[in-house]
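Got a structure for you, questions after.
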Amino acid sequence: MRKITPLPLDTPSHEMVTDLIVRYAHALDDGQIDLWPGFFTASALYHITTRENHDQGLPIGIIRCSSRGMMADRVKAFHTANIFEPHCYNHMIGPVVIGPAKSADAVSSRCNFQIVRIMEDGRMDLFASGKYLDEIVLEGGVAKFKERIVILDSRNIDILIVVPL
Amino acid sequence: MRKITPLPLDTPSHEMVTDLIVRYAHALDDGQIDLWPGFFTASALYHITTRENHDQGLPIGIIRCSSRGMMADRVKAFHTANIFEPHCYNHMIGPVVIGPAKSADAVSSRCNFQIVRIMEDGRMDLFASGKYLDEIVLEGGVAKFKERIVILDSRNIDILIVVPL
Amino acid sequence: MRKITPLPLDTPSHEMVTDLIVRYAHALDDGQIDLWPGFFTASALYHITTRENHDQGLPIGIIRCSSRGMMADRVKAFHTANIFEPHCYNHMIGPVVIGPAKSADAVSSRCNFQIVRIMEDGRMDLFASGKYLDEIVLEGGVAKFKERIVILDSRNIDILIVVPL
């Protein structure tokens, strides 16, 4: 017989976790950066770092927001500073695996990503690869990120990154 | 508690939707283009366009078939005109998200794709990225595309495209 | 109504199959090659080949292990011979499709992969694409590979491959 441990009913289901992660990616692909903070709880942590820094336990990150308010500020700054060549992204998200819970109310999950960037003239390149380590909770029956750690595989970061990943 | 709206029983389940989309991709990866029309209903719409044209509401497309018969004709033409260097594809499909239903009998879904092309000498490149917007129905208990809109991220289309995506 | 054939209860569920395949990929991405043999049954077959050889029914492979013991030997050799520039991988796994069962106790599945390689200096490239054809069984309630055939799309194999895919 199959050994299965179902997720507690007061946490998001596996399907809800995947759904949240993919809607987030689609919103960014569509350039709807204004929607971005709404995927998080009010006191959520959002952190982009590299594999190298993460493995060494270094707290240094490329972006670090410790509340939804900081994310909203970032969105405002993005609209002001948007001086770049127009481009868009295509997030490919791998199947999501549920890990051991780090707290009673949240589901811990992990998935890979590979992001393609498309410039206005049509050039495409592999922009970034890495993994998402997420803590996801239910808020009013809806799944939200309580924590999202974005770990980039490569240390070569395009210093123009201002968009969330 | 979780807020979930289950799909009506006379429409395909989430799992059936994903299954259809992935079997379609595998058939194309295997070069089994003859199977392609069979994934659609008789009066289905198949349309490839670019993000730019789609966002501007332009009806111009790269391929447009408004019935399964037109798709079958396209397959015939493909066999006749196949004068290209042999190559194959690898479709990477992202997790499928179910959107608000546009009609009572169909499930509306969206997923990303990134397609790698492999030439006979072994060269690989990222051929196309984009998203599928699908309307999927049950026909005799089996899921079929009633509509499949393929939206390419890049405006640089390889003009030799004759294969469906 | 939906036509669905559920998997027998003494075989892994669809979700367990996906979970096994993705944990395997994450372990390799993390460089935890020691975990690799543990994903297989004791008498499992692991085989890497090319699409060309596979389609022609040629038994020639790039790697072939016909037991978990052979896999453990391979891991040992890997630790001894690891003279390469440090690098890591990012496995993107497509949604898993269940095929017709080849034996009563196993689930047959297929999924695509696209693997990015990241060198220590940050360079990224598309390393390999292909598909996994798997036979997966329950062993003490836990899903394991009874057979894993890795079919690479390209015939251009980096001859330095010593890591499992």
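Letters A, B and C mark the chains as written, and numbering starts fresh at 1 in each.
We adopt the following convention: a residue touches a chain if its C-beta (ideal position, glycine included) is under 8 Å from a C-beta of that chain, and two chains touch if they have at least 3 such contacts.
The shown structure was predicted, so the numbers you read here are calculated from the model rather than taken from an experiment.
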| item | value |
| --- | --- |
| Graph class of chain-chain contacts, one of line, ring, star, complete, other | complete |
| Proportion of interface numbers common to chain A and chain B (over half same, under half different) | different |
| Relative orientation of copies chain A and chain C, as a Cα rotation angle in degrees, nearest 5 | 120 |
| Chain A-chain B separation of Cα centroids, rounded to whole Å | 27 |
| Residues within chain C bordering two or more other chains | 92, 95, 114, 126 |
| Complex contact set, residues of chain B against chain A | 1-4, 14, 51, 92, 94-95, 97, 110-112, 114, 126, 129-131, 153-156 |
| Residues of chain A defined as touching chain B within the complex | 9-10, 12-13, 15-16, 18-19, 21-23, 25-26, 29, 88, 90-93, 95-96, 114, 116, 118, 121-126, 138, 140-142 |
